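Input: one structure, supplied below.
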Amino acid sequence: MEWDWEFVWQIMPTMIQGVKITILATILGSALAVVVGLAIALLRRSPSRLVSGTTGLIAEFIRGTPLLVQLYFIFYVLPDIGILLPPLVAGVIGLGLHYGTYTAEVYRAGIDNVPRGQWEAAKACNLSANQTWTRIILPQAIPPMIPALANYFIAMFKETPLLSAITVLELMNQAKSVANTYYRYIEPITLVGAFFLVISLISVIALRWLEHRYGRIER
Amino acid sequence: QDNAKLEQLKSQGFARVAIANEPPYTAVAADGKVSGAAPDVARVIFQRLGVPEIVASISEYGAMIPGLQAGRHDVVTAGLFMKPERCAAVAYSEPVLCDAEALLVKKGNPKGFKSYADIAKDTSATIGAPGGGTEEKLALEAGVPRERVIVVPDGQSGLKMVQDGRIDAYSLPVLSINDLVKKANDPNLQVVAPVEGAPVYCDGAAFKKGDEALRDAFNVELAKLKESGEFAKIVEPYGFSAAAAMSTTMEKLCTAK
Amino acid sequence: MAEPIIAIDGITKSFGAFKVLDKLSLQVMPGEKLALIGPSGSGKTTILRILMTLERIDSGHIRIEGEELYHMPKNGSLVAADERHLTRMRQKIGMVFQLFNLFPHMCVLDNVTLAPRLTKGTPREAAEKRAMDLLDMVGMSAKAKAMPAQLSGGQKQRVAIARALALSPKIMLFDEVTSALDPELVEEVLNVMRKLASETDMTMLLVTHEMGFAHDFADRVLFFDRGRIVEEGKPDEIFRNPKQERTQTFLRKIIAAGHRV
Amino acid sequence: MAEPIIAIDGITKSFGAFKVLDKLSLQVMPGEKLALIGPSGSGKTTILRILMTLERIDSGHIRIEGEELYHMPKNGSLVAADERHLTRMRQKIGMVFQLFNLFPHMCVLDNVTLAPRLTKGTPREAAEKRAMDLLDMVGMSAKAKAMPAQLSGGQKQRVAIARALALSPKIMLFDEVTSALDPELVEEVLNVMRKLASETDMTMLLVTHEMGFAHDFADRVLFFDRGRIVEEGKPDEIFRNPKQERTQTFLRKIIAAGHRV
Amino acid sequence: MTDWSGYLSLILQGAVVTVQLTVMGSILALLMAFIAGLGRIAPFAVLRWLATAYIEFFRGTSIFVQLFFAYFVLPFAGFTLTPLQAGVLALGLNVGAYAAEVVRGAILSVGKEQYEACIALNLSRWQCMRRVILPQALLVMLPTFGNNAIELLKATSVVSLISLADMTFQANIVRSQTGNTLIPFATILALYFFFAMIIAFAMRALERRMARGLDGVRA
């Protein structure tokens, strides 16, 4: 079986349709992960041992188990308790929850990396807790987080093919459907690979730029 | 006749078959043993050809033919119905299992579906089908747009999606749907069978193009089996009609429009 | 006799099993300049950090201008101080750190104006005017718009001093403010501190290994060892004629290492 | 007259556009003890790093015992030295760093024996025997099995000296070996170096800000400024009676900052 | 009526496959990580280029694409791999690319001064790398290696998509046999988490062992 360019052009529109869904899922998933991560990071800093401990355990659990199985769970088990989500919504929730446990770590590291001297100087300047966070800590903590967050969003992008397991017609699913119709795997799968590689390489270049721009604060 | 492929299978002692885990066509028991009508027939025939074992791997319908071409399996015995395009891609044996198509819907068939065309007409209706399966193609040919044909990975998921109201109908062959409904034991479901306007299909064992010699040997034993009545003893307990399979030929099915 | 501005009464502080300060007491009069010297790990930094409320005490009392630092009256009895009480008390105290701790994301001027604007609500214009005066005093007004990363260590430390002064504290704490600097840059910071000592009547506590400077700067020198004040007195007494064995050994070593007394 | 052990001939070194060493020449006789002093950034560290081949030169020549360091003869002409040539030349030179640079994952003894065992193939037993002698000399034999993290700065630096000596170099380079130490710990390291200077006939180059020690230790003092040797002479001449304006200012500042001369 | 013990043994068979994949994939990943990680900082441009190409390719294209490629496309190039081989190959090469960056980062994190001490002691490049740099870098790598191994464990679930009978795949079988969705998925989620905890625990123990007597090295 050899490469057939005509076939490639024939399936291109379908594949592009898939790319759109893939990108949409990544963007929505990233937005959710940013929020979920913040919630986890804050809950883990809670003074209540019960709250911080439980959050920690749940986050560990989500991070220690495969996204694929979590997606099955959200899509097929949750309806039993009356939660019926459309495929894309279920997929975005799965991505957002799963990657939220990663972004939570980014937040934590970003905050921990602000030297202790900064907290102490803020206190010596008699700033309130609020002022310390908004004026001193976050402005120093957030810029270095940006490349780390972007890194996870790229990783999420590459995991979107999992959504095909819950009937979302993203890139991988379109490719499989094309393969199923024409009994040809080489072209669609290679195209998927090429799409991922191209978008990844572009994002890696963007990431280098982000790292350069926000990576470190000069002290 | 020189049959290198069969000699190779004999010497390795087993044949690799692709199955789909869609009872009663193909099934995996709790102990992991492969059963179902299609593998059972194949097992007997291969034994007679001097290949003692079949080793099954479960695959999506869409992946079966590419897998065959890539040399991942020696034969597909999975209820893969014969259709002209498929006949062009693989070498089929004579018919083995025949069945009509069915729709699984909510009790009372609220949208009144009788055919794939009915689903095409109702612009809000969605239908689920296995990716790369006959039903998907039938729905698309009947004019249901791509975005309303939901690719569902397996029968259980399809059933669940009908129960949950995610799709309005789920389509599989009659016997498969019946098996699903029996297991689910859910009074809120109903089967529409056969689907109007959809032909009765038969499957056959599918071999790689180039393995025609093996296919021919398979056909010889299959014919003997049908003759002796053993064939009926294997497939009828699963609900299939042996007579239906014996009343038509691969030739006819592959050239049908 | 006047009231002491700082009255430390039998405080104890441990890190885990290790007792850093051991029933330490100390009184400082308003305007007094104190030098704290002693071997590494003797608790000098810890006492400054406790006064700045960066570290809590295990027991004992500290009064600033007669008012309890870590306790406050409530319904007739003394209870642990809350954040509001601490905020009020901290207004009286400023601190300069060994590693400057400037805010790296703000220019020099913003570093100095931030605290007055946020904690006292000083309007931007007034805060900047005063900040420029302070930067002038430390010889840094030309660099008002520079970022900390663009400054040398000595320049950073002078900005840090201006920043601490911007809140007009009554008490200033200096923790080895020159020991992270290149030798050539030490003098510019010490000059600022000399000026500060002679021109203002702030109370100052200074931890240092620069014995020469301690000698010139301080009204009183305290020699710390293992969380206690082993010896105290006028600079001449301590440096020329230490009474305690431990003080003598310490000074001998320091002198041998090439530091002038 | 004897041959110089180090002959530096018009070397130039730039970092980017910044010229650190500018046509510098210098001859060092076998057994000579040299102190290099001068303001920060004047190129003192750079010259030691060039001798240790940690940095390459842009132009000029360096000869060690009459042999080119950065060039070697090949087919009748001089070409750039290859790794083998450098390895052979480096056997003659040892260096002690400001921040010790001990290997943190090996005990003290392994730090000292590693190089002789790997580069000279000395058997373990012989290497350990010699290492213990050296550790004894620097007063660290009791800590032979300790990990570097368990040592104080002064102890680390003494181990680092023993480690450099283990290869028996003819030339030892010391770059501000006490400036990262607590003042109390400086003396123990200087004592080791005094002993080394008086008991061996190694050639030594020392960069330091400890003027007192430089005075006692050196046969000759070089004052660096902006990549050139501005003044050189006997310690007494340089410290008591500097001729150059720039040297005078430098020494005045250092003295003011509390360093004894 | 429902033969749960039989189904449980089916899932446990899948667990064996999952463990096999994880262990063999990790070994391959470790191998690739050191080869490519050292390649990235090799003194020869060709090696650096090859290593970079490998890393960017495998990080850029999604694991799914790699899996489908190994399974469906490689046979056309004459390499027919068993599903297990294809799974190990794709997982190992994919995770190896990520871990290679860990190796590189850890080696670069060892201070320049350690290299200089090596030169001053006249050690050769290789002696320096082998005796001084790698032992220190290894300690820095370990925690991230632990995370990589957990990522690999989670990624094994996608081999179910190339019909390799791992834990997720078997759970799907059980689900279609019994019509029950909750029980098989909850079971495998717990098993995945259990395996992840074992990896995390083992890595921490290893790290403690290696860090013994080295306190303060990384501080």
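So that you can tell them apart, the chains are marked A, B, C, D and E in the order they are listed, and the count of residues begins at 1 in each.
Throughout what follows, contacts are C-beta pairs under 8 Å (C-beta built on N, C-alpha and C of every residue); 3 or more make two chains touch, one makes a residue touch a chain.
The UniProt protein names, listed by chain, are A, E = Polar amino acid transport system permease protein; C, D = Polar amino acid transport system ATP-binding protein.
This is a predicted model, so every value here is computed, not measured.
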item	value
Chain labels contacting chain A and also chain B	E
Remotest chain, chain C as reference, centres from CA atoms	B
Inter-chain pair with the most contacting C-beta pairs	A-E
Chain whose mean Cα position lies farthest from chain A	D
Distance from chain D to chain A - Cα centre to Cα centre, in angstrom	53
Chain A-chain E separation of Cα centroids, rounded to whole Å	20
Centre-to-centre distance between chain C and chain A (centres being mean Cα positions), rounded to whole Å	47
Contacts with 2+ other chains: residues of chain A	1, 76, 165, 185
Chain B, residues touching no fewer than two other chains	60, 63, 66, 70, 153, 160
Where chain C touches two or more other chains, by residue	none
Pairs of chains in contact (touch as defined earlier), listed by label	A-B, A-C, A-E, B-E, C-D, D-E
Contact footprint of chain A on chain B as seen in their complex	60-63, 65-66, 69-70, 85-86, 89, 128, 131-132, 136-137, 147, 150-153, 157, 160-161, 163-166
Complex interface listing, chain A residues touching chain B	1, 76, 79, 84, 86-87, 165, 167, 169, 173, 176-177, 179-181, 183-185
Of chain A, residues touching chain C in the complex	115, 117-118, 120-121, 123-129, 131, 135-136, 139-140, 217-219
For the chain C and chain A complex, residues of the former touching the latter	52-54, 83, 87, 90-91, 93-95, 97, 99, 101-105, 114-115, 118-119, 147-149, 163-164, 167
Contact set on chain E toward chain A in their complex	56-57, 59-66, 68-69, 72-73, 76, 150, 153-158, 160-161, 168, 171-172, 181-182, 185-186, 188-189, 192-193, 196-197, 200
